[in-house]
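Notes follow once the structure below has been shown.
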Amino acid sequence: MPDSMKTIRKKTGHFLEDFEPGQTFRHKGGKTVNEGLFSTFTEFAMTTNPFAKNARYARAYGFEGLVCPPGLVMLVAFSQTVEDVSENARANLEYIDMRFGAPVYVGDTIEVETKVIGVRPSSSRPKLGIVHVQSTARKNVGCEDEAVVLTWQRKVQVYKHDATAELHAGEVEPDEIDCELWLPAYDPSADYKALSHLSSSDSYFEDFEPGTRIEHSRGRTMTPEHIHLTAILDNTSQVHCNQYMIDLDPRQYVGGQLIIFGGIPFVLCLGLSCPDVGDNALGDLVYTTGRHTAPLFAGDTVFAATEILGTRDHPTRDDLGIVETRLLGHKFVPEVDEPQDDEAASGWKKVDIFSLDREVVVKRRSHYA
Amino acid sequence: MPDSMKTIRKKTGHFLEDFEPGQTFRHKGGKTVNEGLFSTFTEFAMTTNPFAKNARYARAYGFEGLVCPPGLVMLVAFSQTVEDVSENARANLEYIDMRFGAPVYVGDTIEVETKVIGVRPSSSRPKLGIVHVQSTARKNVGCEDEAVVLTWQRKVQVYKHDATAELHAGEVEPDEIDCELWLPAYDPSADYKALSHLSSSDSYFEDFEPGTRIEHSRGRTMTPEHIHLTAILDNTSQVHCNQYMIDLDPRQYVGGQLIIFGGIPFVLCLGLSCPDVGDNALGDLVYTTGRHTAPLFAGDTVFAATEILGTRDHPTRDDLGIVETRLLGHKFVPEVDEPQDDEAASGWKKVDIFSLDREVVVKRRSHYA
Amino acid sequence: MPDSMKTIRKKTGHFLEDFEPGQTFRHKGGKTVNEGLFSTFTEFAMTTNPFAKNARYARAYGFEGLVCPPGLVMLVAFSQTVEDVSENARANLEYIDMRFGAPVYVGDTIEVETKVIGVRPSSSRPKLGIVHVQSTARKNVGCEDEAVVLTWQRKVQVYKHDATAELHAGEVEPDEIDCELWLPAYDPSADYKALSHLSSSDSYFEDFEPGTRIEHSRGRTMTPEHIHLTAILDNTSQVHCNQYMIDLDPRQYVGGQLIIFGGIPFVLCLGLSCPDVGDNALGDLVYTTGRHTAPLFAGDTVFAATEILGTRDHPTRDDLGIVETRLLGHKFVPEVDEPQDDEAASGWKKVDIFSLDREVVVKRRSHYA
């Protein structure tokens, strides 16, 4: 490097003092969903719903083609907000009122905007505070089929850059976002039964009984593949992909190692639950609240369970019902002290990693099988 | 978890006592081949045949576009049968009479049915038995271009769920499946020679001499990527992806670690042999028999060889010939006792992992180069 | 193996004595860029330019759809030459005068030719010599939109197969290759500003000041994924994917382990620099010279910096300017002796891995934002 060169280090992302209630970010990039992304994520998560696997099945139901599973829509939309909202975050505290709209197909381009609706300091940790945002993802902006595909709020714990900077603390109202789950119409003349062998036979609306907990049978071990999975989503947070940064000061980082992006266990739990809960879903309606309760690392094996909290009729469709669930993720870690959960095998301790309150729109057997 | 919740653990897959000769499974899901899947598997296996790489070449020969290599067709079709047939298997014993039909293109949707044609107990191990099945994969069911793309039999060693359950032992005849390899017509006016630099120059029909063994020059080291590769195929068997299950009781599992899905070395051996055997193949006709002879683990490097067992004219096409081969896969493991193969380098022992009797339809130089 | 079988081991690639000035290779295979390849590589490298991410943005500028980023074009084209030129190389010494032409879209098929323009022995190492080649990649050969997409020279250090063989030493003139960067026209009636939030706001032509060095903020840790990444490019060199070959004689190989294909850090450095240098680039004009200065291994974290060497007007377009840069890649390794770079953190030594002199065609803020 010539001595005369002036070095520039650009700041990436925003810090706590940069956020201001009412402020709006139109996020950079945007992302066209292509078949590589679709294949990588749908399959990684072991999703089984045929709308995401079998184009003839999806078209027979009135979709244009393979449908992005809700977890993939969420990951693509959420990741667009990372640089502006959470590149300098310590943790994502809560997902709130995440509602799905239009279906996303291969070829659709997703763009996202975020409004800051709250900023407040941490009471106990002066270098941290909480930013509350509302984000909305649209597809094909400016085109005929422009539509909202997802809207949600989240709360993030963000670092201050300058410990002495003053905050723009306060709150504003979230915007009213018109976002209703699009559902293909029920066609009484269609032969849905001829396709019914392609989805699981015991996950229709009639099969869900409030007060039951389904332990999903499969587990899936994560590997350092998570670095690539995170990059493919345009998630730029360094705690997921920069081992050198961790090595310089491991105590500064959770677990002293690269932490897996929370979107990965989010979508993996959805996938692991899919044969039992999602195989006959026409769509996910809303995730009212969700949070990560422990970090996930390469080498961990992820398991999931679903609690059926309630069921209700669909307000306008007698071929469908709504299942109210809580999706739970867990892993096992080697036990260092006494056992504390009778589900854990000897020497291993169960650790809850994820919880998501989730309402699913499910086909009725009476109409489809 | 509320105390009042009732826990459900669904049984996944079938056990030995569930199988009955004559029974038919129409497998769930189905799979639309997209460009992500195509790219991942064709390239992972180091396939070189230009029909799978170069769309202008494929179209010039009369294909609609890039053609799924036979190994990928096999993997997609086979994996659809795993949940019903082999999720609770100890081992896949043999591939039998695997015959290819119509070509598979990006956008085609594969669906598979399986008929149970034999069930018998193991003579020595009361908890195990052998299930013999016949599976058939069709593309674009219900559409104009519906066609059989692959049909095969296999024998699987399956666990009993209940040691005292009675078996439905017996045999039935396999179905007659109309499955003939589709080949693009030879067009005497086409300038095939103008494309001949795009495939290897020494793998035409005239180049194969019965009684020779070709040691393919390349090796390929497997990594934990196999977990993702298996998931992308919808193969749900837990021995390939659930490390916690292995850790709970390593002695119960082959090698005490995650075992790589047999389809992976299958397609990798096909790929490694491609420059020498498959570069001028118009298609694979039949795999008469095949088996895995040792497990493969992350960290192993796979090599392949092909024995030329015979050659014969194609019954109806004088531009083509049929090469009868045996494809062999091997790896090397650190030697713990005395050397037993002069091909092995000092300190390493060669271990055969795979064998496949394979008939390939190959272009004649006289017509194409 | 029957005793009577004759074993064949085919030689792969060419050795030093096989090269002859003036000789031309029409490389095998060719490669159709599909969405799987596009997604894997664009995202792996953390590319941010919206032309490669957002199809509506790309079309609004006059491209046909998502545009392959220059690093991906380079990787696809370069890899086609590996078997003939560098499968038996010890090292790639230099990239020279790499010039871009037509844009590459998903669906385009790339085919490559190489002319040998120089062969000379190594003065100090009798088993090695230097081959100087000129390669040209075309898309859609024989079709209406056939076009040169990339042309470049490189110097490679190649092994002799037979130490006593005579070389065809000498030089010939490189061919004149008509290869000019295609740029979408500036449309004064277009509302480019309505899209300007989708790229970074501080990387227009007006923002680049000669004499500055931009330290790009992100790092990216490489994993054994590099084996798959190399295979997906059809790069067949065994030093990237055959661990057994390394294990047999580790001292023979750089670092005694699998070395990451140089194209990987090449494209990763381009990607890491993208938010600061490439986000508002319409295209890369030329890489005048480039070289790898240290090997990269799984586990290393890659960082990049860009020195702004100069800026100049575009000869024919007043909406654009040309930024002359030097792209630099580095990693950190644990320090074993005394520190030698004040940028290195305690205990770590900075190691330069890559350098590329690169001219980029960049939009002017005056016209686009």
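Letters A, B and C mark the chains in the order given here, with residues in each chain numbered from 1 onward.
As a working rule, a residue touches a chain if its C-beta (ideal position, glycine included) is under 8 Å from a C-beta of that chain, and two chains touch if they have at least 3 such contacts.
This one's a predicted model, so the numbers in the text were calculated from it and none came from an experiment.
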Next on the checklist: I need the rotation angle between the copies chain A and chain C from a CA superposition, between 0 and 180°, in steps of 5.
Outcome noted: 120
Checklist entry - Could the interface between the copies chain A and chain B be described as same, meaning over half of its residue numbers are common to both, or is it different? => result different
Checklist outcome for this item: Between the Cα centroids of chain A and chain B the separation in whole angstrom comes to 34
Next on the checklist: Which positions in chain A are in touch with at least two other chains?
Outcome noted: 34-37, 39-40, 224-225
Next on the checklist: Under the stated contact criterion, what part of chain B meets chain C in this complex?
Outcome noted: 34-40, 43-46, 48, 50, 53-57, 66, 106, 197-200, 202, 209, 211-215, 217-221, 223-225, 275-276, 279, 299, 301, 303, 307, 331-332, 345, 348
Checklist outcome for this item: chain B residues touching chain A in their complex are 1-2, 4-12, 26, 28-32, 34-37, 39-40, 107, 109, 111, 140-143, 224-225, 227-228, 231-234, 236, 238, 241-245, 247-248, 258
